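In the two complexes that follow, chain A is the common piece, with chain B as its partner first and chain C second.
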Partner chain A sequence: MAIKGVLVDITKCVGCGSCTVACKMWNNQNYVNPETKETENAHGFEAELDSNTWTTVQYVKAQKDGKEVLRYVKRQCMHCQDPSCSSVCFAHAFHQTEEGAVQYDPELCVGCRYCMIACPFDIPKYEWEKAFPSVMKCQFCSSKLAQGEAPACASVCPTNALVFGDRDALLAKAHEIIAAEPDKYVQHVYGENEVGGTNWLYISDVPFGDLGFPTNLPQTSVPSNVHKFTRFTPAIFIGGAALWSGVYLYSSRRHKVAEHEGKHEEEKHEE
Partner chain B sequence: MASKRWNFRITKTRIVMLVIFLLTLLFMVWRYCVGLGASTNLNDAYPWGLWIGADMNVIALAGAGFSMAIITHVFHIHKYEPMARRCLLISFIGYVLVLLILIVEIGRWDNFWRPFVSPGIHSPMFEVYMCIVAYMILQAIELVDVGTEKVAPNFNKKMQKIMPVIFVIACVVPLGHQASLGSLYLAMPAKLDGIWASTAMPWLFLLSSFFVGPAVAILEYLWSSKRYHMKTDIDMLRGLTRISACLMAVYLVIKIADLVVRGQLGRIFEFSAVSNLFLLEICLLTIVPIIITLLPFGKTKGGVMVFSISAVCGLILTRVNVVFTGMHAHLGGGYFPTWFEIFSTVGLFCICILAYLYITENFPIFYGLPGDADGETELESAPSGFNQAIM
Partner chain C sequence: MQKHDELENKKGMSRRRFLSVMAGAGIVGAAATMSGCSPVSDPSGTGWLPNQYRNASDLPAQVKGRVPLDPDNISLIRNDEKCILCGQCLEACEKVQSIFGYYELPVHDEFICVHCGQCSLWCPTGAIKERSEIEKVQAAINNPDVTVVVHTAPATRVGFGEEFGQEAGAWAEGQQVDALRKLGFDYVLDTNWSADLTIMEEGSELVHRITSGGVLPQFTSCCPGWVKFVEYYYPDLIPNLSSAKSPTMMHGPTIKTYMAQKLMDQGVIDNPTQIYNVAIMPCVAKKFEIAREEFTDAAAYWQEQGKDWATLESMRDMDAVLSVRELADMVRGAGIKYEDLDPNAQYDPIEGIGSTAGLIFGNTGGVMEAAVRSAYYLITGQQPPEALYTLTPVRGLEGIKKATLNIPGVGDVTVAVASGLANARKLCEQVRAGKADFQFMEIMSCPGGCIAGGGQPRTTVPPQDWVRQARIDTIYNKDKVGVINAASDEQGKTMKLALSHMNPEITAIYDEFLGAPLSDLAHHLCHTEYYSRADALDPKN
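Let's turn to the complex of A and B:
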């Protein structure tokens, strides 16, 4: 099955927050901030992801042509093509579905929180208030995706700011849109190459850095960066074992020879 | 004498340490009930805090076990044999401390066994976990070897046949987790400050844990020599500082070359808080100790002690700088541990110190110390088990 994705056109978003409501409804979540225990919207200036909020629409003030403008940025898991969270998880609690959704399995999680610190977009959040907590993040409505349906958020977007489809087709479409209006759009599809590519893609008329997107990310997969080291593991063990055994045998032999030097000399004389 | 075979002297300090540990156990029950949010200042921005910082340091300092084992058991430099056993013990206790802290730290402590059945083989954390477990088993075998020497000499004789193999494997396994600890942060190339974020990190972590080993060993040696009024062999300690200093020089060269290659050398002279902490780290870890070994002062007991303190402080700073200083700009906000995070770290450290004292006073750990022969140790303060061990 083709890898699915969502194309987010920041210029089309009006900040209504319908997607955040659809997300909460589909995933059975309430509007209570787990930390402050206060009821709050998942869209607005202060909206932040937490264990109970897998997507937000954040209101951001930015500069455009010398004027202050308001932009609405939907945030959720980017669903990396080569996800860091999955690669750093030592209990294999993350996996990718055929559609490219990055899934988390709380059954396997040990709770080391390496995924949280390793995620280039700081997406996974923790249930700090619970005695047996899990990591929480957008699951790309994987059960809907498996049925060929759009995720809850994209299916309710009234302005087509969120478009669901095959990632390849969306990427081509994104390039078409920004090329058609070069004066309006930033000539960059965010997510095309960031950390090796993400299944959620963004186009915007304001530089991505101003909207709070990390812009210093490597353009290649991060796990491959780590594998550059981990692939040495067998070499370290085999090489280390060979080296220490060699030194061990050599130095113990040398000591024996030194101890019995007198004796050896005698033997030689006898010969 | 027989009734005094297993002996543990009770002092005021020891009682205080025991009380702190027992209180820690009590507070741990509370932490398991209320979760990490209420008991710690860890949050979504700072998912790793004091406990992870402490673990990174303890593992690195526990490298003393493997560096002294390589020097004595692999290179067979017999001069340093008195150090090997005590370092095996402090290293093993160090790893126990790491596991104890982790049991408090991880969110799903009941799932600790999952990586064994659902291995995330691409994770550096997996390598760290597996190597530490394997290494602790090997160390436990080495400790059984030490323990049975006195209690079951016949069994001990049989063990000697496999010990060379155990010693060599136990010198290989730590290479894995000491290096992997450095590779944990290879996954955050855009978050960790450029001064530290380097593909050389695994090798630098490995090398530094190795050469700080002798410094840890020296501090423990000087401490217990003072405690039990034993003679100190400054020449032997001096030899260790020289081995360590040579490797420090190698480390310094690699570190500078790495900064030059990545175009970060200019950054270390920015004199910002971050660059100052880096300069302090590199001075304490390498430059100060190297200079001390070159001076006549380095031949004295004071010199050896300053060398070791500087190296240990430098090592602690290298790990703290990666976990906190280098990540701070990205993580933003602030994190300061709660009283519980601090208290539990201290409490678990206390029980480890008590375990160390109990074992050294009842098992032949200080085997081959100078002063054994001339009976200087037969002072009142020397524990009876200790006397038995050397008789």
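Let's turn to the complex of A and C:
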């Protein structure tokens, strides 16, 4: 199975927010900000990812040719080819599917938030509101991908600002597009090499830094560096068998509560 | 480290607690790394999406997504929780109105929208609806120091009843007037009156353009969606737009000048700032129109009279617009029963009598027909012949209509009528190419005219022609009564006139206040200017 990806063409996005709605529909999420408890759209100047919102379309005012322009920036997990989140996660809550989705299993998460620190794009979000929180993030709709469908967000985009396909083909296409219109596009495919490459790729007419993308990232894989940092932790705590049983208790209780809560939520939905 | 700080600030977690969590994580890390477990389930979504989005990825849906709507759109709001991504709003915006898809991407620095509200009529779940102004209107009503004046657009009286289960197009003029009184509005006026005033000004302008070699064809300018459309897409044709304001925007400043003077004389108010002007409209673009910066002519008038009652910022010509749907919400909210409303309730005087020429403004072709009746009179000094009372070729739901009339002293005048902006676009292209074979062009943004405006009841979703036709028929039937009464030269309170220039309250405002059509004062209060919005987009055909 070829590695899949999505090519986001910032210049084509009209800010309709369909992708954010599709994400919430497919993932059974509501519009309540878990922290503020306010009902919020997932698109707008203030839109931010949270444990209940795996993708946003952020409105950004930027400068282009001396004029103020409005741009819409879809955000979600970049699905790194060599994901830092995964490499720091000792609970192995992350794994890569054969389509290249960096999938995350809340059942395995112990809530340590290592991944949140490790992610260069500030993607994983914590369920601060829950008694036994997990970390949450975009799953690349792997259940849809497995059936040959596009991810929910990309399937609804009216302007084809989001194009789903094989990453290799998308990368070639991205270069074709920016080369064809050098006056329009920034000559850079964001995600081609950032932190060793991501499966979500972006092209834009406004410099990526002005749109809120981190621009100081290494153009090679990060996890090798991260390992330097994390490899010390086992050394310090090795032999903590007693602790391990504590962790086990914690996790299983967490799951029971989560199951209970899940049921509760379903009942609410049906009402 | 910067990220750590950010996290802490955002979540309000203390550094110490954060570090201890990290340490704890380290402990777990050691254990879990050794256990080497791997995921067992697919935690990805299992929700519902419309069928068109469950295709194989190489067979994408034809209709997808939804219309981009600025969260700060002055006319409309969308509740994302209700949106099912059916794509109907986009269909309406693109296919009916030729807005979405008719500009190059990337966008410049705003959402492109003419506020017609067709998307809200097509939205099956009611996710898109008008931005409510009920609260501020209610506050004005509750304020004993404020005199709340309301006027009701022609098309509202064939929509209001539908909100209460009446058949499509049910005549509900009296009920609506009575409901407004019961809600506490102080003066209930008729926009048919200001439609008559519009005819006098716009008709005179047409005659002037035709006889003095002015820019032709003249475009009607009473539909704010259409005006914004021209400003966006055809700024080169702005000189064709009639400078006459829409009826509502003539009503606003005349209420706060001419009528205000009378209310001051009667001791009802001390000065015009105590008036709160509300319009009941079949339209949500009117919410955009009244907020256009330039509409502060009443304040300017009083300043010129040496009165320092208001600054241009503190007194606007119009204060609020309620769609028919909002009015119905207010009526229901107040516990008023439709059955208890008086079907014969009458409008208040001064600016409250309307002709049926004003009434037919609500139908596509109606402005044209009303204008032609009075233009005939303005040119010839004689009442129009029988045939001009039923201008069949410009009536009905066809997208583009044309008719040629012979007016003595002028010769043949050809008129064109379109509703729905995709149709308007075709006529604009003809005009731009210099191929227009007509002298007067009436455009309404909404298919069928204001009777099917974006603020009307969502009686069928999406809007259906049989509903539109029922509303149109009711209006023309009332006009017929007007025509018969006009023929027998009887003048009465409402609906007994079919000619704008015969409306006694129109003759009164000219005699007492404005002087004549196109006078300096009329220009001041009843005419306006437009500006190019070419910077907002790169048009694409």
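The rule we apply is simple: the second predicted complex is superposed on the first by the 225 of 271 C-alpha atoms of A that agree within 3 Å, B and C clash if a C-alpha of one lies under 4 Å from a C-alpha of the other, contacts with A are read in each partner's own complex, and residues count from 1 in each chain.
The working rule: contacts are C-beta pairs under 8 Å (C-beta built on N, C-alpha and C of every residue); 3 or more make two chains touch, one makes a residue touch a chain.
For clarity, every value in this text was computed on a predicted model and none was experimentally measured.
**Q** Should A:D205 be classified as contacting the first partner (chain B), the second (chain C), both, or neither?
**A** Touch status of A:D205: second partner only.
**Q** A:F132 contacts which: chain B (first), chain C (second), both, neither?
**A** first
**Q** Scan A:R113 for contacts with chain B and chain C and give back first, second, both or neither.
**A** both
**Q** Report for A:A91: first if it touches chain B alone, second if chain C alone, otherwise both or neither.
**A** both
**Q** A:Q103 in the overlay: touching chain B, chain C, both, or neither? Say first, second, both or neither.
**A** The answer is second: A:Q103 touches chain C but not chain B.
**Q** Does chain A have more residues touched by chain B or by chain C?
**A** Between chain B and chain C, the winner on chain A residue contacts is C.
**Q** Could you say whether A:P214 touches chain B, chain C, both of them, or neither, answering first, second, both or neither?
**A** A:P214: touches chain B, not chain C.
**Q** State which residues of chain A lie in both footprints, the one left by chain B and the one left by chain C.
**A** 90-93, 108, 110, 112-114, 116-117, 122, 126, 128, 230, 233, 236-237, 240-241, 244, 247
**Q** Once bound in the complex, which stretches of chain A touch chain C?
**A** Within the complex, chain A touches chain C at residues 10-18, 20-22, 24-28, 30-31, 39, 41-44, 61, 67-71, 90-93, 95, 101, 103-108, 110, 112-114, 116-117, 122, 126, 128, 139-144, 146, 148-150, 152, 154-159, 164-165, 205, 230, 233-234, 236-238, 240-241, 243-244, 247.
**Q** Name, in rising order, each residue of chain C that touches chain A in their complex.
**A** Going through chain C, the ones touching chain A are 3-4, 7, 11, 21-22, 24-33, 35-49, 53-57, 60-61, 64-69, 71, 80-81, 83-85, 87, 90, 100, 105-111.
**Q** Write out the stretch or stretches of chain B touching chain A in their complex.
**A** Contact set of chain B toward chain A: 32-38, 42-45, 47-48, 70, 73-76, 78, 106-112, 114-115, 118-120, 122-129, 164, 167-169, 171-173, 175-176, 179-180, 183-184, 186-191, 199, 202, 327.
**Q** Would you mind writing out the residues of chain A in touch with chain B in their complex?
**A** Touching chain B from chain A are residues 34-35, 49-50, 84, 87-93, 108-114, 116-118, 120, 122, 125-134, 214, 216-218, 222-223, 225-230, 233, 236-237, 240-241, 244-245, 247-248, 251-252, 254-255.
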